[in-house]
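Each of the two complexes below includes chain A, the first together with chain B, the second together with chain C.
For the complex of A and B:
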């Protein structure tokens, strides 16, 4: 869908800025400067406000990232269900270090609670969620989804 | 005693008629057809209901303040931005009985004279948002919301606003900023939202669980509600039990119950996981205090107490857990979620996270012990909003209680 078409789904009111940005990201994976400018124009806002708003959220990406991102919940309940061991396994397997950006293809991140504690520990590969992950499942996830 | 979970197994969350069969929307009809705005506010005030999001502010007082403030436009907001680690009660309410939240929201909007209402959902809760959208659509078809509710002259437009997964946006003024298309940073208070909230208009922000109590109070009366649980904070509460406890999950219990009972009574936690020895319990998510064994009999209430109940999660930690892993879990969370508006919190949570990494790798420096104390003091005394204080609570308790284990 073209950017203009996405924007036209939303009335240019402040409360629609976040939903519009999320929708653009869904379509294009990230929001580049050119699209930020178009959003600013559509909502009659300065470009700086669109940038300051969009850059506030970890979930809104303003740059292209070619990396696969593996995320592990660092919350207390997931930790008590052995998420630490899962992180260790992933680090060993991919020869990477959590929260280190050095690897050209992969990044391992801790994430905040997704409210799925009853189904923890939670591991994500990009947007795909894996529930009740046991250390012995790590191999499989990495092999099949990375 | 069940108020919120009562009809969970009888209701199909995707079908409004199953809620109506359980006397759903009766409370809304009652107030729209026969109660004045003042009557509704007075009833909620009399019930003694306090906010279930964490702060425990009296709901009726919030409504009264917004109702009395004169303005051409008012807003009512359901705070569904649940993101405290270890809490998933609001998500569960939406998955089991979404109309309960919606009915409470509509009654609240009516009571303060708001024509527009928002349900603000955590951006990661896509399923909850889907369910609530369907619920809202069905409620509109039945004329419970929208223009001319139940044939009256009352209009309440409800909109669902999905966030983008930032913890701080659960703070009410940060939430308001996000709706306004501004960074989700907290505002200076006062003015409080009931006086000047969304777009500068009087706004009530209530947690989803708080709103789920409203239909019951209207139907059964404030007096009945006020006799449940503790006299200071009446009613029931959804508790989330996680960690080294046999039965994990969500349990509804009257306020005033002790952690001891929640963990060990067979209708709740049913005791510890076999082979585990109790160490401490963390009350209220990552920002909660650590409760040692000899305090387990303290009643959980909203009001003045040593161990604030906050959002109602209880993480049971046993002796096999490494306290340094816990310190890392808290520090990692707060450093990631600090909004960056004020220096004490932005820098403090970052440095604490660095120290936590060192502690975890048994690589701590001699100055760390002293630095932790300085950082914790600064976080709790100089941060702009309560977030900085939250970041220091569990660490402060851990340093006091387990100094030996941490710095061996």
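For the complex of A and C:
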């Protein structure tokens, strides 16, 4: 779907900005500068405002990245259930460092709370969500889904 | 309503904040995000915390509205402890390289750190004191979001100094309506910057650098270029100083706002080793004569009206970027800086038999945008770059301090007379409304052919954002408007688009109160400081022997010997920008 078509589904009101950005991201994987400019124009907002709004959310990507992204929740409840150990396991397995862009294929990221605290710790591979992950499950998840 | 602050009773009005009352009664409360040009405050820096009898926790004085029976304590132990911790956390995020910092001694954070006796390394260990690798990560994380922006000619950004007070975001949004900056990312990664980290794409007015409490946003430094020129024995360094610089320069050396320091400024420049010091006021007089000529021509020959002044490069850039349909309305005259500069490299060089190649033309300006203007491609009327180096007031003062020169101790000197005789009209360029008043003094005399009895045009003076007046000249009713700050200018342009306003002549300055509040002026500023500066300008104009631009004896001579008459071919070539270029006008 073209950008214009996606935008036309939404009324140009500030509250529709996030849904519109999400929809665009579904199509294009990330939101580039030209698209962001078009969005800003459609919503009659300054580019800086749209960008600072979009960059607030971890969900919205503003940079191109062809990498598999593994996300681990860094919220308090997940941390309590030992999500740091999971991060360490993934780091060891894939030989990457959390929040580091260096690896050409994978990136490990911390994310903020998903609201699934009772089912933590949460690990996400792209859009796939894994609940109640234990350190010994890491190998399985990574090898099956990457 | 009455409230109690520190056990004393003060009068207060409903809806006021605690901070406003304290400010009025001179009770000191430290703040880093509140600025008199940026009201209302949003309570960001948490430095203004105070204790009240109404709540258990501390409240920020800048957003807390008062109510009956409120008791405020501004200096309790709890308050001071909280402020100190906040300050230490801010300091942790800050580069803290004070000795090499451009704002050293003028930094609001540094001043507060001194006041609260801050332990600089409480939260972040020094490199050599690292105990484990975790601490190194902490250190790395701290500097991970450094954006250095030196890709434009006017404004330098360095986010290691940034304390995220958001003053720049607010002034760009509310006063100038450009919105170049935004708050990007969140929590510990929060970073003030441009979208997609593109180089700054704005009008370079530099208001963000004026309000910045630290050195995160400053003018782009050209001191090195200037020093290199001074050190080169083959080069002749010719300096011109803007009208407003003489009224604000003194503030950098501890004098009260509005102190007139023309002689000392010239003396300081001579001590630095400048060969000649000329006066941009002469360029301003020249601008007035050419602009008045153009205005009269446009009014008589039904040209494009209203005519906008073109002295402010930020304003020119604003029209070019956001309202290109109004480009024909801009006066084709160049700004005073760009009028005097080609004269130096042509008229003066010819007269003194100097090879213009060996002249380094430097200008001391109140403005960051002038740096950009000097680099515009059409600004080479003399066959060379008209202005080689532009320094702001802050930069010049910094250089003087670096060289341990104190202008207060120097004996006053006069401008070099070849291009250094000025008039009161040109002096008025320093403030908003000045170009208008100066132009009217000349235009009215030119149209009526009679001498003006009273030279003051009080209707265009004042501090409000948009002022208009109607002046009767013979049978012509000249409608003029004076606007400063871009948000006012935008309102005017919008109303013009709708056909709601019809003026003949409009003066626009991008900065508050004109050049007096410019982006390169000393900090701190605010409405009160600018008012004092304006008072200085007006009293100086009153005391000038010549108060009309066209009576300037040097200019008369230049027109006779060199330019011919206003609007002549030579004047057109040197003093106006060619029409049809993308960059018409040129501030």
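The definition used in the following text is that the second predicted complex is superposed on the first by the 145 of 146 C-alpha atoms of A that agree within 3 Å, B and C clash if a C-alpha of one lies under 4 Å from a C-alpha of the other, contacts with A are read in each partner's own complex, and residues count from 1 in each chain.
Operating definition for what follows: contacts are C-beta pairs under 8 Å (C-beta built on N, C-alpha and C of every residue); 3 or more make two chains touch, one makes a residue touch a chain.
On a predicted model such as this, the values are computed, not experimentally measured, just so you know.
In the superposition on chain A, A:36 makes contact with chain C only, while chain B stays out of contact range. Once the two complexes are laid over each other on the shared chain, residue contacts for A:10 go to neither chain B nor chain C.
Touch criterion not met for A:145: it reaches neither chain B nor chain C. Looking at the superposed arrangement, the partner reaching more residues of chain A, out of chain B and chain C, is B.
In the superposition on chain A, A:51 contacts chain C only, with no contact to chain B. In the superposed pair of complexes, A:62 makes contact with chain C only, with no contact to chain B. After overlaying the two complexes on the shared chain, residue contacts for A:77 are found with chain B alone; chain C is out of touch.
By the touch criterion defined above, A:19 lies against chain B but remains apart from chain C after alignment on the C-alpha atoms of chain A.
Common to the chain B and chain C contact sets on chain A are residues 49, 52, 56. Note for the complex: chain C touches chain A at residues 173, 179-186, 194-196, 198. Only residues 82-88, 91, 118, 122-125, 159, 161-167, 178-185, 199, 240, 242-244, 248-249, 282, 285-286, 315, 317, 321, 325-326, 328-330, 332-333, 336-337, 339 of chain B touch chain A when the two sit together in their complex.
Residue ranges of chain A in contact with chain B, taken from their complex: 14-15, 17-19, 22, 43, 45, 49, 52-53, 56-60, 74-77, 79-80, 84, 110, 112-118. Residues 33, 36, 46-52, 55-56, 62 of chain A are the ones that touch chain C when the two sit in their complex.
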